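Here the chain labels run A, B, C and D in written order, and each chain numbers its own residues starting at 1.
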């Protein structure tokens, strides 16, 4: 396979609070290739949003710091770039689509201004050209009469239209990688379908890579080529989408798939994952999922398993299912 | 035939919009709920589904009279609730309860969870102190929590645990009927199933009747015997949950089903019906059928009927009701259908 | 299969997610207050000042024989650590006695203001609609008239009046000052309480209480008041500082408490006359006011941190 | 927007009526009522007093008097001073520029310093600088202003003699602008200290609130420099609510001006008010109170209109 567009390995982003160190991201590995959609799926607080912010190096300092790992964007480690160069990448080659279209647009600037500022910054064009490009970007995401609506303020748009504006903003500089952080969570299901269809078009037409953060396994199944499942700050399983759904290996992934009701298949009972998601400030030693796990062994609560390759393109972090029970962790192994 | 526990007829709630400082006048109204009728049978779960702003949550609150309806009637166990005075409504509240969507907002942050659970018992002066403590312990255990948690504050618990506390409070006075207003949509995916199973178990154990409000079709379909679909303050379709999924008749229901993502990558290539545009405002809903502005089948009906005439809710037989001009059926004379219980 | 049974067996001992032991509300508030270092120090300073004002004057020589050759014997000495003033009175003793009056007026005026403000705000916020409109328009009106001017006018009108018959003539002015400060400085609290009540009324837990059949009285007593208490308490604390500042400003302008009843404000006015010869006389009273007010403000800040449930877990 | 302005003006009217009513009643509660100054004069006989009472309409029912009084106010007729006999309005207007100068200078100075400090400490939240600014703001907020004024005078006028101890001009250089500025330094410093503390505290929390917003993160994600993110996206949004606060701060500033003028012998409206109070010159007192209250209402009105102009969400309404 060709060199990935983005390769994240061993990423660790911690928050240093008064109460102690919160390991929001603590061992995240994945790759994204051109024209592919990678889904990062997990529950609230599993570190998926912090992962995206770490890629863009936008984690709020001074409490939040990326303390380990590599983020290779076309072979270049983003974590080692000077800030000025990093700014040239943000919005230009890697763009963000955030969760809540209501709050991610500045209420006192017109949508045109907000799209144009990135174009002017990165493409070094004058305002007239930037405006034309901004109108084109709005048209591309399906906003009717874009030429006149460009001078309106965000509150004059509906929720679905706002998310289109945010996407237009992200696309304006034709980035190679789009990071969409729960782009449809705040939207209704019929609007969600519109936005997902739009993102699918973008991927196909522009050959951009997309990282799609979501907690909705349905969205993952519809949109993604590869999936990274996160739990308590770590990637616990990574594979292509067909494998994840047909042959999940990690007990958490399996539990998730069993616990969601599926349209059309009437089960009398769901099979839930028992217990509560852990607090990141007081993680148990060993596997964070151990207390809720149906396949628990004593080792699980003693030592954190590694993300092991069990098949081509299939990695699992589990002592039991990856057959790691008897392998002692090599000293100094990256976690 | 099963008994009706709840009969809702032509229920309306218009929130007035005022203008003017000196002379306040009504310039319009948000027609949140605009004339809906349905029955809930004893022991069943009726699902109420629709997108945000369709009036489903308002409907739940109108039934419990947490919001005063503009017009219509709500009969509960044969008693019309709407004309009741506060004093007469209070005993009725012992028979009907609500579980809220937001596990963070629905518990008083300054009240220990034991006191929150005991509140209904104290309000209705049903037991003395010792009995109340005993009852709170039982309730906590019943919803799967340790009885020692009674003297803790809500902020110490996770969302799923709080939702269990909310359910325990609703159960405290042995109600017959519970409105569950999006009880799992604020919860983590892995916890949702726990709460759904708990609700199902409690229903069996205490012979409860549910009105289950949600926007997630799969969840509603899983838990409900029958499902009603709402769009912009109106009910567009009502059928048994299996039938609604297998044979949706209203174009909106069809669109809703087809828009819902399915957690199965092999089904990705299925045909889908994508709706254009946004939800219209409930202040000035479209004329005729409210769905006509987004309906892909609007041209299938002659004479522009969809734009001019509001289709009545008609019975297709077997308790399958639909409000659409595409389905020429006689208006439903009685809304209660003979639905085989699952 | 054997694997699954064995793991189930071990599962019994799987580490449970144990909750830390429950912490009583009061202890939590105290613990969090103690984390605010400046607030703790301020509390110490304030307590010390109050105790000193109450018992201090009993242990200090109040007067020295007036030396007619040197009537302004203000130089500090061992007997008079801060010196004496132009009348031969020990400055420290007078400062402490003045502290009694300043603190008394500040505390009672603030209490009155908070009381009025809470009632106006609670009524406005709970009943809403037309009641709210009237209450808030009234509040706006009082906010429109410049407070200090209003106080000066009221104070000049009420000078020499007798409100409380059994008080000595000298002290008649105290309840008047308390009354006019209290009745003109309730607006901030009124707005705050109204805001709290309006917000609380919309909270789901209030709706939940109504759903189980809670009456208005029950909801107000069991839910609204406990939840509104914290901000009111903080505002009340801060308004003590404001009232002390107002009283001292009035007294400084000669419109508040008049000598011979000493307050820090009128001591400062008096000291202004001797600014060239004994400038430090002007420093002490101001310093006392400042110390008290800054302590109260820091305590208020500490209380806000300690009581605010939104800051929980941070 | 136009409809909004009209609506906002209309809501101010009952407020103004209410305030004038309060002030009117206050005047009648005065010991001796509006004629107290005459009543104390032994040369005025009771029948003269009755005549004056009649001429001034004081024998009419109270509500009628209120409307007469209101009518007179609306036409700018505030009556004549009881002590000098001059029209009250003229006396007031002659002093107004001095006070406006003082308040204006203080507002500008305190806003600039306060806003800068607040923004800087918000950007460097939890730093030593932030901690210092926050603590100093608390201290400034707790300072008794008059004492601060007296101490300023003690140090910089009485001891160091860097600045004049009072007045608005030196006798020698009458009218020079530098001379005026020299005289303004201490009074403006005194008047600004509390405001600087207030603005910096407000601006800090406002900035912290805005910096947390998603749109600020989005601005960073576009690759904008930190400077543009702060100035264009955060600062503008944080600044808008300040407009309302400036208007709300006016009554306090006026109170501060009274004390400042008193300490530094500044010949402004504050001292005039003092004089009126001391001499029981009710027409003068009432005029100052009423005009001040009206000014506050009008400035609140203006603030709301400016706010609406700055915030498109309201303009749209």
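Basically, contacts are C-beta pairs under 8 Å (C-beta built on N, C-alpha and C of every residue); 3 or more make two chains touch, one makes a residue touch a chain.
Treat the numbers as computed from the prediction; the structure is a model and nothing was measured.
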Hey, how far apart are chain C and chain D in touch steps, shortest way? 1
Distance-maximising chain from chain B - centres being C-alpha averages: D
Between A-D and A-B, which chain pair shares more contacting C-beta pairs? A-B
Chain B and chain D have mean C-alpha positions lying a whole-number Å distance apart equal to 55
Between chain A and chain D, what's the gap in Å when you average each chain's C-alpha atoms? 53
Rounded Å distance between chain A and chain B, as computed from the means of their C-alpha atoms: 33
Rounded to a whole Å, what is the gap between the Cα centroids of chain A and chain C? 50
Spell out, as numbers or ranges, the residues of chain C touching 2 or more other chains. 313
Using the touch definition from the top, list the residues of chain A that touch chain D in their complex. 53, 56, 58, 62, 87-92, 95-96, 98-100, 103-109, 117-118, 121-122, 153, 155-156, 166, 169
Could you pull out which chain B residues touch chain A in their complex? 51-52, 158, 160-161, 188-194, 196-197, 200, 215-219, 221-223, 241-242, 245-246, 255-268, 272, 274-276, 278-279
Within their complex, chain D touches chain A through residues 126, 213-215, 217-225, 228, 232-233, 236-237, 240, 310-313, 316
Residues of chain D defined as touching chain C within the complex: 14-15, 18-19, 22-23, 26, 29-31, 135, 138-139, 141-148, 150-151, 153-154, 158-159, 248, 250-252, 254-255, 258-259, 262, 273-274, 277, 285, 288-289, 292-293, 296-297, 300
Seen from chain A, its contact residues with chain B in the complex are 43-44, 158-161, 188-194, 196-197, 215-222, 241-242, 245, 252, 255-257, 259-264, 266-267, 269-274, 276-277, 292
